[in-house]
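Below, chain A partners chain B and then partners chain C, in two separate complexes.
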Partner chain A sequence: MAKLASQAPVPVFVAQGDDAPAETARLCLNSTLTIVETPRAAAILLVAGTIPASLIPNLHRLHDQLPHPRATVFWQAEPTDLLSEAVTVRNDDNLVSVLTDTRSSLLSGSHGTEADLLPDAPPNEWRGVGSHGQGGKGMMGGTPYGRPMAMTAADFRDGLELDAYTADFGPFLPMFPPGLVLTLTLQGDVIQKVSVVHLPFAGEGNAGAALLRLLGLPALAKRLLRGPSDDADFKRLIRLSGVRAAIPPGLGCAPNGSDVRERFERLTTDPGNPSKVHVDGVGLGDLLIGLEWHEAMLVLNSFDDESLRAICANTSSPELEEKNGDSMDHEGHAGHMS
Partner chain B sequence: MTFAPALTTLILFLAIGIWIAAILDAVFYRRISGQGGVSVLSPFYAAAAHLSRQRLTTEAPDRLNWYLAIAGYLAIATIGLAVVPFGPETAVIGIKTSVVLWGACESLVVVLVFLHGWSPNSPLALIGAYRYVAIGLPIMLLSMFVLIAAALPARSLDLRDIVASQEGLWNIIRQPLGLPLFLLLGLSLTLRGPFDYADSADLAGGTSVEDSGANRAGWQVARLAMLVGFSAIAASTFLGGYLGPILPGIVWLAIKTLILMAVVIGLSHLLARMPVARMLGLIWKFLLPIAFVDLLLAGLVALA
Partner chain C sequence: MTTLITIFLVLGLSVLFTAGLRTASGTDLADHITNPQQRPVLGGSDPKMHAWQRFHVRYYTMTLVFVAFEMEMMFMYPWAVVFVEEGPKALAEMGMFLTILSVGILYGWREGIFRWE
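Let's look at the complex of A and B:
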């Protein structure tokens, strides 16, 4: 079994940090690797670039979500205290050969699997309402097992009382720009509230490829990463894919009038030179509230890094709300999706 | 063909079909992305890699339904293939209402995919589950219109009679709207490309975001099995199934199934996926009326 498994591409989950090497986005072009979209499918956690101190707890939570046998590789980054035994790759090392060697060692057993960094126990104390901590108002809400549950709140579209769910999303979710952490309140998959916990990292960005992946065209996303923006074949495939019809008109309209459709065309025809969007005081709340999840992800990934950071900076943050005495915790915060 | 040889044929057809579907998928993906060739053994390597990793669980999952969803999806795909006739009067499940049985299988796929997203107790998986149900309902309606239209010329709900009724003229010619609409159902049943609202990239894998180890391998195999089952059903309903000159009927069925598998895989890599609300509008306002026209025309022809 181990012999057969070692013939498969190495499944790697990338946790991108600040100042990640420019080659990080192009790792997926290497046929000996598979860049997976969930840590559950990975054998190796690749930490590319520096993880800021405030996000290290997120990295440790992410680490424990990889199945055994697992290993962590730090690429142009210093290992954290809890992962001091992890493999480290400097500038000059051959990353791909280190990754394949590490996976082979994991399969053969010569490289021991990494133990959990955090205790396997509910992170919060049991403080629900009722004899079993099962609820708050009626049969819903409350904090069973220390987990605040979704509680009914009016949906602003039609006033129906549905279950509002609040949680942190990011900073390593593959459909989020790296580093971005948002506190989102969802009704189903519709965004009702948004605040920024951590800004996305500054970097070159690959918004065009990210949009193609979100539109269900990962093979074309890879092709774009190879740099064929003037490839007639690529342009024809993009046109025939019906992308223009798939992206709703007017979605994510910025003050300069550009929407996701327009930004997508610019990002895929000239990915190396994304034009800046004048954000003009627009925050994420203006752009995302009322959108369903898929639309919101398209909007988030349609901006160049600098514009997105400016938009996030214009958005309310939990710290700011606490100062103003307007905390959103009264609805319950359900956890964290790294 | 008696039951035992038919069952053996079904198992071989399914196993080889899954293997070929996995290779075809990789070939299309790598061809479009501009990468090199694919090893014919790559599906086995991938399966071994999944099985070599631990099966992780989540906090307070619904374990029974998690396993049931994966096993049930595979079972439904197998039942779909079992109603397909391999030759005249030969099907593992040879009943007079086989089209109704397949219709029930389609509906159960919606339930099982929902369970797969519900069970891990995880928000992204749950969003994928609910979204799939929202799309599943109108797509099932579309499928029913198309299947009833295909059954009208045979005046029977038995897939064996539907294949036999295409002796002179295949349904793809008689009802040109039917197969394109039915292929959209195939994309939805196999969670692919423009109809993959359950396991899509915007949810980091959706209902399968928490799957690891054997569970992940099982879900991927079940998806491919559904592709084989669906393609064989579509080949029998619209391309005359086992009918064809010189070669044995099972070979004709395999060739037609393979062609339709390639079409579904190709479409899944080449067509963009739109947000759910936009897709719902497209299905209810555009595709369902077309499916109804398909049924109406088939009814008028049957009456004529």
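Let's look at the complex of A and C:
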């Protein structure tokens, strides 16, 4: 059974770090690997490139979400202290064969599964206020599973007071540019507030392929990654797919008038020459607030890395300023222990 | 008697099948799921609050109009069949029914459901 299973494609979740190898994006073209969208579906966590010290707690949290048996492979990166036993791949090694071998030895039992890095305890005590720990403020009570309930806030559309959910998203979220961490406040799936916690990594960027994947066209995304897309066939397929009409007109409009539709066309027809967007004074708040989740993801992925970093830098971000100050170590430690 | 035996046989087989599936489904389910594994996937970030939340279902007025018109049609088909036999009594019943439903439609109208946005 283990032998048969080891012949199947290896499910890999990629955690992309800074200076990740250029081949990282093209791993999905390899038929012996399946690049999965969630750590829950992966057997191997592939860490490509250096993970900055402030994001190591995030990597450890991600690691613990993989089901057993699991293994971690560091590709052109130094293993973290807690993952010192993990497999390391240098430049010259053949990554794919290391991944398949690790998977086979995991299945046969010769490579033991990695234990949780974080303590098996809820982030807070599961007790609210009241004589029996049953409640909280008003109707919103308690801390189920150690997390307080969302409190009410006015929806900016009509002032209706319902629960506003605030959470950090990223940096290893498949629909986010690698490295980007945002604190988003949502009512339903409409973004109400946004602030930047960590800037996206600078890199070559594959915004065209990311957009195609988000729009549900993974085969065309792979075709774009395979090489220059100046063939007429590719352009015809894009046109026939009708994907242009799936992007709302005027979405994510930059000051120079370019919207997601225009940037998408540029990225897919001429990926080697991304248009430079004039982003002076534009913050993520101007672009994302009021959008639904899927629209916001299209906007985020439609910029080249340089423009997106500039936009994030323009965004008010108390967390980022705080982290750049003295409290960075403390923040990292607190996040890690939770 | 044969029917009874068949029922018990099918029942026994389904219990066996379920037990077999549960045993074969691996150790993951049986194991204790740790706290770090229970955390929702946010790409490595840690949620500060519980995800149980109330938000406004914006399409509810549309649902109201759909239910109003759908219920109307559901009653109208059988009503049309017996209308000839029953005569004015059926007509009065349908009138009452439509009056009640039209309250919902009027409410939707007041909420601006028929305005194109």
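Going forward, the second predicted complex is superposed on the first by the 302 of 338 C-alpha atoms of A that agree within 3 Å, B and C clash if a C-alpha of one lies under 4 Å from a C-alpha of the other, contacts with A are read in each partner's own complex, and residues count from 1 in each chain.
Everything that follows uses one rule, which is that contacts are C-beta pairs under 8 Å (C-beta built on N, C-alpha and C of every residue); 3 or more make two chains touch, one makes a residue touch a chain.
What you see is a predicted model, and the numbers here were worked out from it, not measured in a lab.
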First (chain B), second (chain C), both or neither touched by A:Arg40: both
First (chain B), second (chain C), both or neither touched by A:Pro67: both
Which superposed partner A:Lys235 touches (first chain B, second chain C, both, neither): neither
Touched partner set for A:Asn58, first chain B, second chain C, both or neither: second
Contacts of A:Asp116 with chain B and chain C, given as first, second, both or neither: second
Partner chain(s) touched by A:Leu107 [first = chain B, second = chain C, both, neither]: first
Touched partner set for A:Thr166, first chain B, second chain C, both or neither: second
Contacts of A:Pro218 with chain B and chain C, given as first, second, both or neither: first
Which superposed partner A:Gln187 touches (first chain B, second chain C, both, neither): second
Doubly contacted chain A residues - partners chain C and chain B: 38, 40, 65, 67-68, 122, 145, 165, 167, 173-174, 188
Residue ranges of chain B touching chain A (in the complex, touch as defined): 28-30, 32-36, 39, 41-42, 44-46, 48-49, 51-56, 59-60, 123-124, 127, 130-131, 193-194, 196, 200-205, 208-213, 216, 268-278
Residue ranges of chain A touching chain C (in the complex, touch as defined): 15, 38-40, 55, 58-59, 61-62, 64-65, 67-68, 116-123, 143-145, 147-150, 155, 160, 162-174, 176, 181, 187-188, 335, 338
Chain A contact footprint on chain C (complex, rising order): 27-28, 31, 34-39, 41-56, 58
List of chain A residues in touch with chain B within their complex: 1-2, 4-5, 7-8, 11, 29, 31, 37-38, 40-41, 43, 65, 67-69, 107, 122, 145, 165, 167, 173-175, 186, 188-189, 213-223, 226, 228, 237, 240-243, 245-248, 292-295, 297-298, 334, 337
